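The same chain A turns up in both complexes below, where it pairs with chain B and then with chain C.
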Partner chain A sequence: MHLSVNPNRMELLRLRKRLFLARRGHKLLKDKQEELMKRFLSLSEESKKLREGVEEKLRAAYNNFLSARGVMPGEMLEEALLCPGREATVITEVVPVMNLRLPHFELVEEGDIFCYGLVGTSGNLDIALSLFSEALPSMMRLAEVEQWIELMAEEIERTRRRVNALEYILIPNLEETIRSIGMKLSERERGNLTRLMKVKEMVSGR
Partner chain B sequence: MKIAVIGGKDYILGFKALGVSVFPVETGEEAAQALTSIKNGNYAAIFICEDFAEALKDILEEIREKPLPAVAFIPDPRGSRGLALERLRQNTRRAIGTDI
Partner chain C sequence: MSDDTRYAYAVGRIRALEPRLLDKSRFDSLVEARNAEEVLKTLSDTVYGPFLAELKETRGFEEALNGELKSVLRLVSDLSQDTELTDIFRLRYDFHNLKVLLKIKGLGSQLPSSKSRPLIDAGLIGPVKMENIVEEDDYRELPRELRMAAEKAAKAFRETHDAQRIDVILDREMYALFSQRTRENGHPFLREYVQICVDLTNIRSVLRVRELKKDKSFFGEVFLEGGKLDKSLFLKSYEEPMNNFALLLSATSYGALVSEGIKYRQEHRSWSELERLADNHLISFLKRAKYIVFGLEPIVAYFLARENEIKMIRMIMVGKLNGLAVDLLRSRLRDVY
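Let's turn to the complex of A and B:
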């Protein structure tokens, strides 16, 4: 589509500058999109692997926990877990990646997970708890990675829209307008030239 | 910040010993209540068992627009239902523009 501007030299120069800027912006955005894409794909690979590991560990943990539950009376199980000896806290940092602010988690675990007496608790409970605690760090990493994927997908979508708008709308429009202004200007110049020639002929003819 | 787990009482109690905040629920409504009450709390990550994922769809959509808390699905004892993979696929579709 032709932009509605006056066909004069001033506009022509201005549009040329804009075209230059648009091309540079397009190149930058395209590079950004590629880099985001690369990271996105490696993250999605990582999340798939992590998820498999987490699911595997949790399955084993659940199995042991459920069998502990089966042999222990409910109240006793709840009592055993009533006051956890361990405190899990997360230190959250924000990492800037390609203009995105991604959360990064660091898990800090303090204290012992086994905070109940040996009497009356099933051995499966011990196994289940140590499996749960093994799974927790990868669960945190998984939550982090999945969150990154979410945020990155959004950013990639946005960048892609921008790249497309530049590539298929703004740049072609600018090019077309520049071309048409150039043609109008040269047409005007030709008109001027013929007029001059004609005038000269008329003047010298007399 | 803290970590939260929402899921069925029978199997997630084990997380309690790890110092994680556990929210045992039995129905989808209870899960929705629990999630609503903690979504603006001081939690870095919220893990949700897949059995309750369906009931929490609307709230999750809202939470996911923010960088924190990070929400992840974990399988329940009956095994994974592939909800997380489905989410990954959706995000990939959004990023690439086509399904692969």
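Let's turn to the complex of A and C:
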């Protein structure tokens, strides 16, 4: 589509500069999109593996917890877990990656997970708690990676729209406008030349 | 003790109640039930019926089980002529309540509200009274052994701020009390029962402690005195593979259950089989009471059989509520008395 600008030399120079900038921007954005896609794919793979691992661990942990719950009266299970021995703190920070502000979680655990007596408690409770404890860091990483994937997907979408806008709208429009201004200027140039020749003819005929 | 005619009426009553214990086929039908509601429906014509009728929702099934447990405990107290001995079954709940209350006290500001405290009203001391005793830190109203245990646990917590110490000390004191009572009263059946319980607990403890990668000294703390197996036996193979421990026990009556339990643990990462076999071992011991004409044994065995039954119902209900496979549930069922 032709842009509505005055067809003069100054505008032509301005548009040429804009075209040069748009092409440079397009290349940069295209590179960014490719890099984002590369990271997105590797993160998706990592997330898939993490999720499978976490689900496997949680399934085993819940099965063991159920076994323990089955052989222990509710009150005794609650008593065993009344004073948790381990304290977990999550430290959050923001990591800048390619114009994105990605969250990063760090898990700090202190104390012993095993906080109850051995009489009247099931051995499966120990296994369940160990499995839950093993699953926690992977769950934190999974939460982080899934959030990254979500943010990256949004960024990829945004970048793709920009790249497309540049590639299919702005750059063709600029090129067309530049061509049309060029043609108009040449036309004007030719008109001037013809007029000059006519004037010269009239002057020499007198 | 087998001709203790003081128990003529009591044993008669127990023998009349024994047929009402759930048998293997009843448990099979409970396991086969489609869901938890069907399990409760199947139980409605058993001794659990009256308690289940009061149930408002399926998930509250433990109330019905606790109701039956309390009624059996009352029966045992009524029929027993040796309350010193039969009180040990109620004292377990006092020790449990003490653990809960001492831990809650230790938690300070994070007190759960009174209603949600996991107390069991089946001990010698009512939960409200126990609550006041612990709150005021004045244990004089408790029976002597309970008082000493409570003071020891409270002191240890004050010094270490480690809630696990409360459990460890009270568990040790509880079994010391059981061993002492059964030894002093010269009752061979109950004495042997406590010894087997201690041994089975120690066996499970050593395997669990090893798996948790705790050192020998921690096992020394949780080890219960009063069993048939000596502490040195447990410590001998502490650093060696678990199978060596099973070999060490192969000459004892626990050999088979330990090796089977360890094998299952290595294949499935679960102690379920060891726990099931340990419970079966106790039940097979209790079956001796069937041949005793007069005495405390049938009463004790009946109570423990009911407790085992309640445990199995709980297991089936928890399994059904959480969609556990029928085969898995069946494999975890204990023997019946």
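In this section, the second predicted complex is superposed on the first by the 206 of 206 C-alpha atoms of A that agree within 3 Å, B and C clash if a C-alpha of one lies under 4 Å from a C-alpha of the other, contacts with A are read in each partner's own complex, and residues count from 1 in each chain.
One rule holds in what follows: a residue touches a chain if its C-beta (ideal position, glycine included) is under 8 Å from a C-beta of that chain, and two chains touch if they have at least 3 such contacts.
Given the structure is predicted, the values throughout are model-derived calculations rather than measurements.
Undergrad: Taking chain A as the common reference for superposition, should the pair chain B and chain C be classed as clashing or as fitting?
TA: Verdict on chain A: chain B and chain C fit.
Undergrad: By the touch definition at the top of the document, which applies to A:Leu58: first (chain B), second (chain C), both, or neither?
TA: A:Leu58: touches chain B, not chain C.
Undergrad: Could you figure out whether chain B or chain C reaches more residues of chain A?
TA: When the residues of chain A touched by each partner are counted, B comes out ahead.
Undergrad: Could you look at A:Glu157 and tell me whether it touches chain B, chain C, both or neither (first, second, both, neither)?
TA: first
Undergrad: According to the stated criteria, A:Met140 is in contact with first (chain B), second (chain C), both, or neither; which is it?
TA: It touches chain B, and chain C stays clear.
Undergrad: Between chain B (first) and chain C (second), which does A:Met1 come into contact with in this model arrangement: first, second, both, or neither?
TA: neither
Undergrad: Given the touch rule stated above, what does A:Val71 touch, chain B (first), chain C (second), both, or neither?
TA: The second partner, chain C, only.
Undergrad: Pick one for A:Glu79: touches chain B only (first), chain C only (second), both, or neither.
TA: second
Undergrad: Is A:Ser122 contacted by the first partner chain B, the second partner chain C, both or neither?
TA: After superposition on chain A, A:Ser122 lies in contact with chain C alone.
Undergrad: From the overlay on chain A, compute the angle at chain A's CA centre subtended by chain B and chain C, rounding to the nearest 10 degrees.
TA: 20
Undergrad: Considering the aligned complexes, could you tell me the closest Cα pair distance between chain B and chain C in angstrom?
TA: Closest C-alpha pair between chain B and chain C: 7 Å.
Undergrad: Considering only the contact definition stated at the top, list the common interface residues of chain A for chain B and chain C.
TA: 63, 66, 69, 78, 85, 114-115
Undergrad: Flag every residue of chain B that touches chain A in the complex, lowest number first.
TA: So the residues of chain B in touch with chain A come to 1-3, 10-11, 13-20, 44-45, 47, 64, 67-68, 70-72, 74-77, 79-80, 84-85, 87-88, 91-92, 94-97.
Undergrad: So in the complex, which bits of chain A are touching chain B?
TA: 36-37, 40, 44, 47-48, 51, 54-55, 58-59, 61-63, 65-66, 69, 77-78, 81, 84-92, 94, 101-103, 105, 109-111, 113-115, 125, 128-129, 132-133, 136, 139-140, 142-144, 146-147, 149-154, 156-157, 160
Undergrad: Could you pull out which chain A residues touch chain C in their complex?
TA: Those in contact with chain C are residues 60, 63-64, 66-67, 69-71, 73-76, 78-80, 82-83, 85, 112, 114-120, 122-124, 126-127, 130.
Undergrad: Taking the complex as given, what residues does chain C use to touch chain A?
TA: 62, 65-66, 92, 96, 99-100, 103-104, 106-107, 118-120, 162-164, 166-168, 170-171, 174-175, 201, 204-205, 207-209, 211-212, 214, 222, 224, 269-272, 274-275, 311, 314-315, 318-319, 322, 324, 332
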